[in-house]
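Below is one structure, written out as structure tokens; the observations come after it.
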Amino acid sequence: MKYQPVFCIWVSAIRIYRNALLVAGICLLFIGCSETKPESDKKLIVTTTGMLEEGLSSIVADDFRVVALIGSGTDPHSYKPSASDLKLLRSADIIIYNGLMLEGRMTDIFTALSSEKVVWNFSHGLDSTRFISAGLEVFDPHVWMDPVLWSEGMLHIGKRLDLEYPNGQNTYALRASTYQRALLRLDSSIRLALDTVPASKRILVTSHDAFQYFGRAYQWQTLGLQGISTTGDIGISEIRNMTDFIIQNKIQAVFPEASVSDRNLQALLEACKRRGHVLTLGTPLFTDAAGAAGTPEGTYSGMLKFNQETLCREILRP
Amino acid sequence: MPESLWIHDAGLWWLLFGLICIAVSCGLTGVFLTLKGEALNGDVMAHGVLPGIVVAFMVSGSRDLIWLIPGAALSGAATLWAKRWLVATAKVRPDSAAAITLSVFYGLGIVLLSKVRQSGTAAQAGLDRFLFGSAAAMLTDEVWIAVILTLSVVILISAYYKGLTVFVFDPEYAAVAGFPVQRLSFLLTFLTLICVITGVQLLGVVLVASLLVAPAVAASAWTHALHIRLILASIFACMAVLGGGLISASGDGLPTGPWVVVILSFFAFIGIGKKYFVRKLR
Amino acid sequence: MSGNTASIKSNTAIALQAVQVSYDAIVALDSVTTDIPLGQMTAIIGPNGSGKSSLLKAILQLVPYSGRITFAQGITLEQMRPRLAYVPQRILVDWHFPVSVQDVVAMGRYKPGAFFNRLSAQDYEAIKEALAETGLTAFAKRPVGALSGGQQQRVFIARALARKADLFILDEPFSGIDSASEENIWQIAKALTAAGKTLVMVHHDLQSVAQHFDHVILLNGYCAAAGPVHEVMQPEVLNAVYYSRLPSSPQHA
Amino acid sequence: MSDQLWILCTGILVAIVCALPGSLLMLRRQALMGDAIAHAVLPGIFWAYWVSGGADSLIFLPGAAISGWVAAQAIAWLSKDNRLSSDASTGLVFTFLFAVGVILISAFSRQTDLDQECVLFGDIIWVPLEVFRTEQGLSLGPQAVWILCITLVLFLAVIFIGFKGWMLTSFDPVFAQIAGYRVWLWSAVLMAMTSLSSVAAFRSVGAVLVIAFLAVPPAIAALYTKSLRRQLWDSCFWGSISTVSGWGLALYWDVSISGMMAVMTGVWFLIVWSFLRIRRWYKNTSYATSHQATPTS
């Protein structure tokens, strides 16, 4: 009748975990076999966003392999890692991330990794006085929307690469400044095109606040219906105030973003229509992620150019 | 500076009317669900739509709601079917069954999302949130759809009122007495599906559960008669939408959907408090 | 609620003074004042909804009530707990719970507030006795879900017996069980009374009351009658209560 | 130690840390508590952000845990004495808290991406990267493993010390109360445990896996176990099996590891259920044939 509970627990523990250990052993074997060699002896740079990947590729040319973790076409907010992503980060020689909390919870992981790998926070290379504040000690992370600011960061990265892998010729800094010049050319062409828009029409209304850097760079007033947060929700008053604003300023088009649903803007359209103002829904602009690979807007510069062309075309539409 | 006082804004009242329609149909359905002990079916279904959305996207390659909504509806129905199977055949308790189906379907959705990401098409960005809009941004067409849906919910419930009552109260008796139990169970699933698919687009995955639960709980404190409970639940739903809408119209930074939910929850808490204090005081 | 050592008669197990219980707006039980005698078997009877279970729950402080309830020698429920055994209604428990018969009976020996709750040899002895008395020794290792209704009820009785209590409170122990189990429980009850224990039982089979009980409390939303079994179990007393509850009469449901 | 082994180790730890409170929750018919806590942490996250102003995710842990515990307590309190069915109270409380969280964020921090997905929920795949280090830079193993180990030791102690109490208060709370147990205290401790384990696990592996591990492995074990001890051990076991198989398949198909593990819990449920079904059917038929055979022969 008498039984000893402590003993019973351990007996069953051993019985169950013997099986578990067996399984774990098999797995260990599996891991041992599946360790693969890297494809080439080139050093690997892993970036988070596609924009960073593109910039880096033009800086390092063929000296490094550059891979984006989140990849083009994926919004960092809805990034769900797959099993191979860990291997990618592990095999990276340099990791570069955007910073300013764009990567959310993953920022901690990069911070932790920085003690064993070369991990660079891209935003650290920027002049922090030029960040746009977004609350307590938090800043708007969409720095790539201003090509000048972005190119400065890239230049900084080039310099750091030279420090890290010196070859006496400052190759990377040189290439970075070439890249910067290209971006500055892009910037001036965008500026030139956007300057044709009269000052009274330089108002960009989008679904969420991703255009603040863009707006500051080209003297546009930018308004997002929703804040940066995708959890925060909008109220009736936001829609009404935005409608008032649109009618007062005679805005003709509002622009959805490729990665955000345009339902809220549709509501804006209807509210304007009810009050006799014709508002059109523009072509979706690219913000958090570039377009599909292979298309012109699938690259960073192509995406900025696409945004500019869309704006000029649709805001200046008679 | 508003051009006219907001009270006179026809658009606002039109929007509130649409929201009221949806809240009322959710409230009515919720009364039956809560009585049947399936109050969280709404929550389970709202999570269960994710794999359907992703599969619909994979098949069609577009983010058009015309593709996403049938996908969502099918997978939502599959979730409820799985839950019912677990309860009826595998003899799992309803709460466990709900948690199992919710987590497994949502997990499947995440697996599919991580797979679709590798395809690298720009269109898949934000797919997991694409169906979820804002209560303040209800469109005119959607108001009409809401009216039609509410009318059909009301008609269906009144047509099957007796059957539903018996079925919800005592399914075994209903089966023995010859009520069409299969059809009634299907009807309840269908009603839930309507409520969840429309509710999710206005309130998001989490808060839609509240529209189904809170009015029923609030109403249950004041009456034991089912028909009065249905009427009360509708009234509470109306009042919450009006209150939430007016609060939200009064200033920036006051989101409509969450305020409706908070007010509804207050009604429910008042109901529970009333029950509690009446018991305590006597 | 019942704090001071109030005057309580030496032959009283539980003294009730103006006990009132209400749910929501409905008064389930109105001002019951009576004594439950020590060392006897007391039945609480009455029609459905007459407050039998409410009275029991008030005694056990499971529902809020007004009035005063005192136990033998003027002690409170807290002091009484170690010597009190309760047999709840069988349907209130989840019988698919993964426990064996012996586990449930052993619950009667758990000491609240103790860490680990290692059972002593004495405890095992009490469990063994209780199982034997209820005829469940052969089922000791079975999961409780696999038992019949009557056997499940006997498991609860065994758990109460294992407590070696002085006061037993049973809520409808005979509802929905087989006659063998019923017989077994009556025997145990008789043996307990013979050993000087007090039993209080909610009961609804009027036929068997006179045969088995010593004392009866007849409830009807209030205390309609209370006293030795031969005084209460008179046709005119019972009729007054049971006929007044017919659907036509304006009573609270 | 290999990255993949750390992932497995974390998965198994999460499975155990969730299966222990999960089993007790399932027996108390509160299996959806994980889902409720996952959403109800939002006001706590806002509060932690508001108090600290920072963005280090460790500070969100206490805020989220407290918020989750408040939710769990509220749900337990509302469903006490059958005032309200447990699922109705769950649906009421977590939606309310989530709505409050959304309102606070919309009103005060619209410009910050402050939701649990972003600041709290991790993914199991990153576990090996986030390690504790000594000042010399020596790796002490993943943070998640440490946090989960501490939680696990705490739980094992709590469950082991009060094993009989857990059994009694879950099986027959009324009897326990009359025997002098403070049932509400046991319930509060269980809810604190659940909230702690969920939040610790959310941080390392994300929400969906925690909800799955709280609910499914205990349900698998409940298909056949007959004692609480077996129930606890076997749900740990099934959680671990789901971890290993989900991990293997995720590597094979190159998909989300957390998601795949959650799916595998469901698959194992089906496998165990069909196995039991077939065994019962086989036993019944062999029983029937043997009984038919004897009288005729």
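Every chain is named by a letter (A, B, C and D) in the order it is written, and numbering of its residues begins at 1.
In the analysis below, a contact is a pair of C-beta atoms (placed from the backbone, for glycine too) under 8 Å apart; a residue touches a chain by one contact, two chains touch by 3 or more.
Since the model is a prediction, treat every value here as computed from it, not as a measurement.
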| item | value |
| --- | --- |
| Between C-D and A-B, the pair with more C-beta contacts | A-B |
| Chain nearest the overall C-alpha centroid of the shown protein atoms | D |
| Longest centre-to-centre distance from subunit D, chain (CA-based) | C |
| CA centroid of subunit A to CA centroid of subunit B, Å | 34 |
| For subunit B paired with subunit C, centre-to-centre distance based on mean C-alpha positions, whole Å | 45 |
| Subunit C and subunit D: spacing of chain centres that average the CA atoms, whole Å | 39 |
| Computed distance of Cα centres, subunit C from subunit A, in Å | 69 |
| Contacts with 2+ other chains: residues of subunit C | none |
| Contacts with 2+ other chains: residues of subunit B | 110, 113-115, 118, 253-255, 257-259, 275 |
| Per-residue multi-chain contacts in subunit D, two or more chains | 29, 102, 106, 110, 160, 163, 222, 230, 250, 253-256, 259 |
| Subunit A partner contacts - residues on subunit B that touch it in the complex | 1-3, 6, 9-12, 15, 110, 113-115, 117-118, 120-140, 201, 204, 245, 248-259 |
| Residue ranges of subunit B touching subunit D (in the complex, touch as defined) | 34, 37-40, 42-43, 47, 90, 92-96, 98-100, 102-104, 106-115, 118, 206-207, 209-210, 212-214, 216-217, 253-255, 257-259, 261-262, 265, 268-269, 272, 275-276 |
| Residues of subunit D touching subunit C in the complex | 27, 29, 160-165, 167-168, 170-172, 174-182, 222, 225-228, 230-231 |
| Complex contact set, residues of subunit A against subunit B | 71-75, 77-82, 226, 230, 232-241, 244, 247, 258-261, 263-264, 266-268, 270-271, 274-275, 286, 288-293, 298 |
| Subunit A contact footprint on subunit D (complex, rising order) | 2-5, 7-8, 12, 42, 49-50, 53-57, 101-102, 105-106, 109-115, 117-123, 125-126, 128-131, 133, 137, 139, 143, 160, 163, 229-230, 233-234, 236-237, 240-241, 244, 247-248, 250-251, 253-257, 259 |
